[in-house]
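There are structures below to look over.
What follows is chain A paired twice: with chain B in the first complex and chain C in the second.
This part shows the complex of A and B:
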């Protein structure tokens, strides 16, 4: 087909090529090729694997729906989904709230020229620059349960005896969430802080003159003004938290038992320690579907903002 | 008179309240890092004190010397710098033309393409690592920095391209037009006129790529199994899992060294980071 066309009208092909070369295509092609090769194709491959009984240990495989049947009939899957939900929900709630509180405090401090405001801003953002895997190691030191541990010693001095952190299945998840809030608040804080800076100062002053108290100002003026920033922030936070692997891996490895195992960890261990590529990919597809739903939510928010 | 005094009284109360809040924030965010810093200076017997001492008795840099020369930490750090450096170079080569294409052309499907690029940022790197592991093992590309760096580049492209494109959008189109009137080709306009103007944007993007690639864990964790090739994040987790209490102080020192490069960059180049992080999320 192509050849016949060229032979008939070489000049039109020439014109076509010329037009392409003057358009955006040559500028974008390298990027698009890399993204297709390293994102789109692998993503399609994972979906394909999920419909097979492939194993890392052999080359042959058959197409089957068994992986999905197994994961949706295994009770452990629902524990893991529940863990992911709990981990994401509480992390995001506290990251958003803490980010808002710190942003408001730093903003207020800067306006009344309080010493230390800038320092607080730097400290609160510091965790953003620390790799997640190292954050897990740092917090595993904090949660050391031997007498040499620091948190346990502090709690003992406050009168709490026999405290347990990561070894106790009931405490492991809250402890992991605390570490994750420590990690994720920076992102939340910086977005909220930047949002606060866009509120015109006269709006706040006007509400002050109208006699609004601090709480009314926050609820009626400040929060509505930064609503779109906060909603973007919540969605981005949710996506990041949901994809967390590094910090949990180095902090608890998903344990004790499955107490802190989230979806990404299950997918990883099913494939790389259980060698079950098909089933692990099915878990990855569940992860992918949830990621996509969140992405859709994100774009809906973006579009609404664009319209406003 | 009365009004001003009550007002200044309220201001003082506010200040005290804020300072208390500041104190709590600083303790929460700084204490874990300071604790690991303190551990990293302790000697082995000091680490076994019950209850632990808040500060090391005498600052010993022995752990750091030991970490640098005996444990593989220095190798891990070198590896990280190598991978991250390659990622930055490769990424810039790809995103400068792409940002130009997205910023300076109008074409059908542009919006779709832009959002398509952004979607990749929301996909867990684990998902692409699974098939890549299989491909690379078949092509004998596991434990290979070229293929590994290419994956790092792909993971950095979406946000890097978005931020640079956003920055290029702020450069007025009249610059391009002036160049065109002088008879410059698009390439010359980009290289001679636009690139000098987007340098601050490029610095922000490079810092973002650096920090995020430095932190990358799951990709090298899956695509490398030769421990001498590990970047710092994987190397430390490996040390953590193989080590016992004897290596605690080394692990602590390793953590501090692994944190140091990005934290220093963060502290000294903050203003670039804050603007890049908030670009796109906050519209003015």
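This part shows the complex of A and C:
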């Protein structure tokens, strides 16, 4: 300090700014701003609209619980909810299982330096890169029941007559699930594959030396090692599948009747076809609640697992 | 110093945000209060550019925004349409060199586009000129500008439009929309197999059974989830005298006789399935094009479709073969003595610009692209659709010499349009669900109609 000059005491604002700049706030600020602007605010807007009778055709609206009352007193809502649950449950089960099988096959192929392992991985990923609406159109060609249909022609040549796919309400949902499993398996595969790559080879070799057979190695060593990956995969698949509407929109439009109508599709068509912003938002909020419960369940399971 | 520099920089950037808009000229008026059009003809300099997003001279001072229907724009996958529009746009811009056109692109999801457009129209941010689905057009009327002065300048007589067109585009003396293409629904039948096309429901079943006995699909129509499915069938409801909504725009199908008329329609659908005239697989048909493949392959005896089938089927099997094999008859009626009617649709142009100069220019552009005799002649030829002005049926040689198009004009005289009220879309969605349930046997016609009414009531 120079002689004759007295040190000026830092102002409280200066101290506050210094503390803030040394803390995590500057690092978190960009993320927080993006999250609030692009995610939190739109979500809050949807929740707000769900408590209104807003229409895309009118500027004025009132706050009301009518949208939720109508949703829960309309019998069709329970059909749609049931469809959503069936669609999600079977899609997730088969996506996860098939993803695991393909990932194990690709991983094994790579370990034994089998030619074509990378090719298989790339091909499996292709379905992930195709937009849902296109997948719907592609599968609608597959399921065409006219003479030009691909599957119908194969089945006819195999001796099966009078086969129906999307035109039978009992078959339409399983057919839609098959298309969605085809679409979502790639994501499961790549996540599981990444998980498999984290398992040290020594552990698997040690279990082999201990005499564990292939199934025991899978059940006792591999699956527990990638539990967190598989559970992340399941929750992502569940949320993605609950939110799926593009593929169904172009595949069946929700029909025949309401046989394949799911919550996300109802929300979309209520807003964009029926112009009912309030009710469409209420459907979206119901979907949000379901997805949030799923996520909470997932974190609870993961935390318990970590504690153990 | 550093702080001052930063402040200056922020100030300049803020200014640039406000100054970053266009140098677009607004209407200049003459002493008599008329729009001074001379600014439009000023040579702006710069290169002439024609792309799917922009047409005009780089330095033109007046910006016109145009949101076309994607399939009727420079992004259409059909080259003939692109060529026709490119030629007209170049001609128009060169005649108005100080005007450049920004083309607003949209997806091909019409419902989505129209909903978004409605929002921007209400908020005052819509493009100057927009293509609007004729079905949705009445919902935009209160915001659209009058174009009758430009129509008069172009020699267009509003009384020459079909009655259903005139009824909808006029608000008092003001012409608020330019309806430029239209279509309707008709029964297409194999004239080499069927001498006299069926007119009543009983006749459709009778002829359909005969055809089914020959191994053909007797009678196809759309049964999937989609507006087209019910829109093609509404004619059978309307021809009985049925009304979907009342004058106030409230649901009318819960009241007699409309309810019975709707049940009659579903009973006819059920009969077609039960008698083996129509396959259940129609529940996967949500678009007219879904029927064309089988029809072109020779597996179908009759189908109910939008009249765009004429152009589409001709593309698939050739004009000569189509003319030789396929006849076109009015949409059937459910009982003898009724007059056939069908839903008429198409596209309109609407001007939303608040500025007088832009209003005139946008309307002029709309007429010159699709609606004047010269423009309509080439456009309807490449699109294969129908004119909305009666005199053009006689004037256009390719239409007057084509019996299918001339029949179309007859059908359009009795054309009907769907009610453009908020509740219609809910009725339509529920009617589509009911249609699928009746076709698959999941519901009876009577109960299906009860469910429609209940669900629509619940939604109000």
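Here, the second predicted complex is superposed on the first by the 258 of 308 C-alpha atoms of A that agree within 3 Å, B and C clash if a C-alpha of one lies under 4 Å from a C-alpha of the other, contacts with A are read in each partner's own complex, and residues count from 1 in each chain.
Criterion: contacts are C-beta pairs under 8 Å (C-beta built on N, C-alpha and C of every residue); 3 or more make two chains touch, one makes a residue touch a chain.
These numbers were taken from a predicted model, which means no experiment stands behind them.
Trainee: With the two structures overlaid on chain A, would chain B and chain C clash, or do they fit side by side?
Mentor: On the superposed model, which is not a single observed complex, chain B and chain C clash.
Trainee: After the superposition on A, what does A:140 contact: first (chain B), second (chain C), both or neither?
Mentor: both
Trainee: Decide which partner touches more residues of chain A, taking chain B and chain C as the two options.
Mentor: B
Trainee: Could you say whether A:205 touches chain B, chain C, both of them, or neither, answering first, second, both or neither?
Mentor: Touch status of A:205: no partner.
Trainee: Check the residue A:257 against both partner chains and state whether it touches chain B (first), chain C (second), both, or neither.
Mentor: second
Trainee: Please work out whether A:57 is in contact with chain B alone, chain C alone, both, or neither, and reply first, second, both or neither.
Mentor: A:57 sits against chain C, while chain B stays out of touch.
Trainee: Just checking: does A:269 make contact with chain B only, chain C only, both, or neither of them? Give me first, second, both or neither.
Mentor: second
Trainee: If you stack the two complexes on chain A, which partner ends up touching A:105: first (chain B), second (chain C), both, or neither?
Mentor: In the superposed model, A:105 contacts chain B only, not chain C.
Trainee: Overlap of the chain B and chain C footprints on chain A, residue-wise?
Mentor: Shared contact residues on chain A (touching chain B in one complex, chain C in the other): 56, 140, 146-148, 271-272.
Trainee: In their shared complex, at which residues does chain A touch chain C?
Mentor: Residues in contact with chain C: 55-57, 59, 70, 73-74, 76, 140, 143-148, 164-169, 252-259, 269, 271-276, 279.
Trainee: Please name which positions on chain A make contact with chain B in the complex.
Mentor: 23-28, 30-32, 34-35, 37-39, 41-43, 45-46, 49, 56, 101-102, 105, 108-109, 112, 114, 116-117, 119-120, 122-134, 136-142, 146-150, 153, 156, 182, 185, 187, 190-191, 194-195, 198, 229, 232-233, 236, 239, 242-243, 245-246, 249-250, 264, 267-268, 271-272, 277, 280-281, 284, 287-288, 291-292, 294-295, 298-299, 305
Trainee: Give every residue of chain C touching chain A within the complex, in rising order.
Mentor: Contacts found on chain C: 111-112, 115, 118-119, 122, 139, 223-226, 279-284, 286, 293-294, 297, 299, 422, 425-426, 429, 432-434, 436-437, 439-440, 442-443, 455, 458-459.
Trainee: Which positions of chain B touch chain A when the two form their complex?
Mentor: Residues in contact with chain A: 11, 14-15, 18-19, 21-22, 25-26, 28-30, 32-33, 35-36, 39, 47-52, 93-95, 97-98, 100-102, 104-105, 107, 110, 113, 115, 117, 119-120, 122-128, 130-132, 134, 150-151, 153-154, 157-158, 161, 211, 214-218, 222, 232-234, 236-237, 240, 248, 251-252, 255, 258-259, 262-263, 265-267, 270, 274, 277-278, 281-284.
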